[in-house]
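Got a structure for you, questions after.
Just so it is clear, A, B, C and D label the chains in written order, and each chain counts residues from 1 on its own.
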Amino acid sequence: MGDLVQLLVSGTATGAIYALAALGFTLLWQAAGVINFAQGEFVMLPAFAMLAGLAFGLPVWLAFLIACVLAAIVLGAGFKQVVVDPLIRHGVIPLVIATLGLAIAVKSTVRAGFSAEAHPLPSPFPTGQLSIAGINVSYADIGTLALAGAIVIGLQAFLNRTVTGRAMQAVAQNTESARVLGIDVRRMVLYVFLINAVLAVVAALLIAPTYLAKFDMGDSIGLKAFFAAIIGGFNQTRGALLGGVLIGVLENLVGFYISPAYKEGVALVLFLGVILLRPEGLLGKAEERKV
Amino acid sequence: MTATPSLLDVKDIRKAYGAIRAVDGVSFSVRPGEIVGVIGPNGSGKTTLFNSILGQIRPTSGSVEFSGEDITGMSPLELARRGIGRTFQTLQVFGGLSVRDNLIAAAQEFSGTMPGRLFAKPDAGLGQRADEMIELFRLKHVAHLPAGSLSYGQQKLIDIAMAFMAAPRLVLLDEPCAGVNPGLVDQLRELLVQLNRTQGGSFVVIEHNMGFIMRLCPHVICMVEGKVLAEGKPAAVQSNPAVLEAYLGN
Amino acid sequence: MSAPARRAAMLVAIVAALAIGAAFLKRSDVYLLTLTMVYLMATFGLNLTVGYAGQMSLGQAAFFGIGAYVAAIALKAGVPFLAVMPIAAVACFVIGLALGFPALRVQHHYLAFATLGFNVLVYLILRNEEQVTGGTYGISAIPRPTILGVSFEGHLAYFHFTLASLVALGALLWWLLRSPWGRAFAALRDNPIRAESLGVNITAYTLLAFAIGAACAGVGGVYYASLVEFIEPGPFHFSTSLMMLLAVIIGGSGRFYGPVVGTIIIILLPELLRGSSHEALKFMQKWYLVFFGLAVVALMVWLPGGIVSLADRFRRRSTS
Amino acid sequence: MNRITTLFAALGLALAAAPALAQAPIKIAGLVELSGTGATSGTNFDNGVKLAVKEINAAGGILGRRVEYTSGDTQSNPGVAKALAQKAIDDGAYVVMGPVFSGSILVSMEETRRAEVPNFTGGEAAAITQKGNPYIFRTSFTQSSAMPKVARYIKNGIKAKTVDIMWVNNDFGKGGRDMIMKSLEAEGIKVGVDISTDPGQVDFSAAVLRAKQSNGDALFVYTNEEESARALRELRKQGYAKPIVGETVLTSQKVIELAGEAANGAVAHVGLTADAPLPTVRAFDEKFQREYRSKSDHNGLKGYSGMYVVKAITERIGKVDGKAFAAAMKGAKISAKDHPGVLMDVTFDQNGDLDRESFLTKAVNGKQVVVETLPPLGAK
């Protein structure tokens, strides 16, 4: 029993990090029609930005804040201006290809210009663990869950309760009608890019301490985010959350009870099952065929 | 009703989007060789009706019969195989293919088997037919250029020529005159009349251009707010006060 | 001389120059050229799927790997090379159909996702199913072919054999693209909705384009296994699929020679840079992938037709 | 500086004088993992060779000829390693150094064998020297000679009855796992849970939990550098309290650096370490740190000492001849007294395997500390 609870908690914590990346992924798709294959690199870059900040002797929280600002400028507004805006009119495929190219460029820049090796990043949470009734849960997992949970809930509240948030949802659901309703579509889309960038920084802060910051760390995170988004439902924000947590938990269960060798296959089997049986995703709505 | 069995029977088609009834109980039939025009102001449900007949959307209720067979809700592919051709409101050509290849592509799937086509001649035996159509539509000078590189009017002609390449028994044309310059409209009408005479198919034409419809179609249906308002000879429909009101009062 | 004749003459000249010139190259350069041609078999196939039929496939390396492993196992079991090739091609074709059918049945753009997932799965199986695939140790000592008593063991002989096979494969694809099938592929790429209304069975043609592309990758895999004489799961990771896709797109998808340019940029050029000892080139080697990635982005913005489409641009400019 | 080195330098300079330097350089080719999963190992190995070459050249080269070393990146990919081996042979390499990864050397050594070029490897898989290849030589222990020492420590040092094993599922990890299983069995120690992990794996929570729930007395961790660090961090995170034992990698400088304080207390057997309490190794450590501003891991010592073996044997045969070199390597004994660059007395057997002293090390406060020196296997 203790095993199971511990597996569930740490799986949910890992899944919450996937969910953060997947959430940004879904938001970008909904609001701007962008499938971002550089999403993993968007998590990797802030990890290195924080690393640089720490190297200058900054405390973790300040390095994190600076990384947020930098990410918002470069990975948010910059990405939109330089890559997405000129390409969006060509359709989805050229944009997908461009983000693939971007991922390679970013990864290789870090490798060639900075380091090919892994680097440790201090954890924002204390080490050690909490023991309640024979169940041990590490502070890192609790902290991850708390922070990721707070961000996800906060984001949901923002999207559902505020005027700006609702406007953003309107844009995501139907850009044309949103424009007719007098919503500043361009601004809302920009907000989505900014939110995506900041989500990536949080994911980096949570993931780098145990996974180590490395130029290719985005490969696995990006893939998991991609899988999580599709499993949950590409057009549903809540779907990304479900997909991420589902992957995190099931990976842990399979790794423990079956074999760690096929742990990486969990997300995949789930993913293949979903696209074959329920292509709109677990929580997604089917899109009507357009003429 | 005349004794000749009809080719297309549309029976009480309804399509609702929530509370909005886009098509609200439309019935009509088309006899072999007949040209039927459908007119009506914007938002009168013409295109929804078309899409319901053509399998692009599923009607809420009602049925469509083609040669006595129920074809309601069939996929566009199944309809095409039964000899129903169509054109689209917006331009729909294969931009990367040459004009000649566009026309061959429009007919090659109707003869032989799929493996057979792999080993068929490159023009699938349709080169001559394509050249005839090119001649008829006066596209000879651009026949080997990619369709995507031509002017709007030329692409429109290709679009329409493609619908007739396989000599379908029924062709539904969705606003063939939209965006076409007035000089071409007459040419288009003559072409359609000629095709009707030589190939003998039936046409259903949706159009805004009243003059075009009135001169082309011996039988006209006027739709307003999802319903058939008037039906009959062009002159009769045109002088129907309700039709006049629907158009002018708008 | 007419344009097609001129093009044919140029092709013959290039192939002849390669065939003769290879004898004057170093062993390692011949190996590199052969490797490029092997990848080219896979990217030619991918171009059919992506460029001519308009379907995103992110799993070409999986089929490349299946071909390579089928070849490795069969060749070591003594099956003659000429029999292995069709076995691998058919295996990939059938697997392609089996993968594509359910994916296309639901929604057409899901083929991209399904192939990506499939590639990850194949990679895991190659690594974990040790009894069959040798796991991470891979399979070594894969023989090179001997056909009708002629041995292609030597590096030059194998190069010529691969070159001839590549030309044959290219000719086959050329013929396929000129057949009514090729026209149907292009039609469904340009406008699937219109194509369907004209009786084109888009599901069947998409599936075929995908499966034929997969079969080409399988053939490439056979030549790969025999060339390297050793295989392990690494080269069949889905990142290879991404690189193959990029090769097709930057070269010019839907253009027959597009993959040639793309594959040279992705396989041959970095290896040549790696081998150089010149300082400036060493710098290039280190930053190659950075430039490459940025070039992909720039290309998508300014030249979505790929590098080969540059020629068209110049031609159009000079005629107009 | 060491007296002998000075002597050598002087001698070299005298010999080198005018005509020697005009001779064509001796070409040494490196096939090393500068990127991919083996980047850390390969870079260290490469740096070790480079440092040795620099010293050798400064001291007048080998037989008065300058040494020219060029290295290529295998990207940790066997196919690339094979191509690079061909290239090295085309370029007329006298000796090939590397690759470090066993999977790569198993492929590339076919090329060097065909061309009869001696090939030194950093690989530790037992299979490398069991293929009857007369041109392959080690720079380190094999898993089959190291694992018995580890098993003996587990039995006598920590007195464990049952041991859990966590290993990485690649050629390196699999080979080590098979070997330790055998060695543990020979010592009468039971294996608890057998945990396989993926190369490049980032999430070790399930793997660590399995180890935690097992009733083993200790955990043997055999993964690559980064994965070892992640495993140690996760072990610490989940509060794993039993002894953690490894072989070579677990207490390497890179792992300690990456794992931070989570590495503390881990014990590993190492064939080579920059912290060995030997004057030759101390001198090496100092020079390496000065040159590269980082501490060398065992791979750096492999490359460095391997290059000096090349020098010693070439001078012994008195000519630059690959075949004669390979023949002279059989049963060769090289003493660190005469050739300080080889760092420790070393003997080679008929297969190309080597034997020498080794060490038991422990991670203490972010540093690797040698706790015991173990005698060579052959000198029981």
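Following the convention adopted for this analysis, a residue touches a chain if its C-beta (ideal position, glycine included) is under 8 Å from a C-beta of that chain, and two chains touch if they have at least 3 such contacts.
The structure displayed is predicted, hence computed values, not measured ones.
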With contacts counted as defined, which of the two, A-D or C-D, has more C-beta pairs across the interface? A-D
Max Cα-centre separation from chain A goes to chain B
If you average the C-alpha positions per chain, which one ends up nearest the average over all of them? C
What whole-Å value do you get for the distance between chain C and chain D if each is reduced to the mean of its CA atoms? 38
Provide the C-alpha centroid distance between chain B and chain C, rounded to the nearest whole angstrom. 42
Separation of mean Cα positions, chain B and chain A [Å, integer]: 48
Identify all positions of chain A at which a residue touches two or more other chains, and write them in rising order. 111, 261, 264, 291
Enumerate the residues of chain B that touch no fewer than two other chains. 88
Junction residues of chain C, two or more chains touched: 128, 193
Help me check something: in the complex, which residues belonging to chain C touch chain D? 26-28, 31-32, 35, 127-128, 135-138, 140, 228-230, 232, 234-235, 271, 274-275, 277
The residues of chain C that touch chain B in their complex are 176, 178-181, 183-184, 186-187, 189-191, 193-202, 204, 254
What residues of chain C sit close enough to touch chain A in their complex? 56, 102-103, 106-107, 110, 113-114, 116-118, 120-121, 124, 128, 193, 239, 242, 245-246, 249, 286-297, 299-301, 304
Can you list the residues on chain B that touch chain C in the complex? 54, 75-77, 79-81, 85-86, 88, 92-97, 101, 104-110, 114, 117-120, 122, 124, 148, 162, 165-166
Which residues of chain D touch chain A once you look at their complex with the stated criterion? 34-35, 39-40, 43, 169, 195-198, 200-207, 209-210, 213, 225-226, 229-230, 233-234, 236-239, 254, 257-260
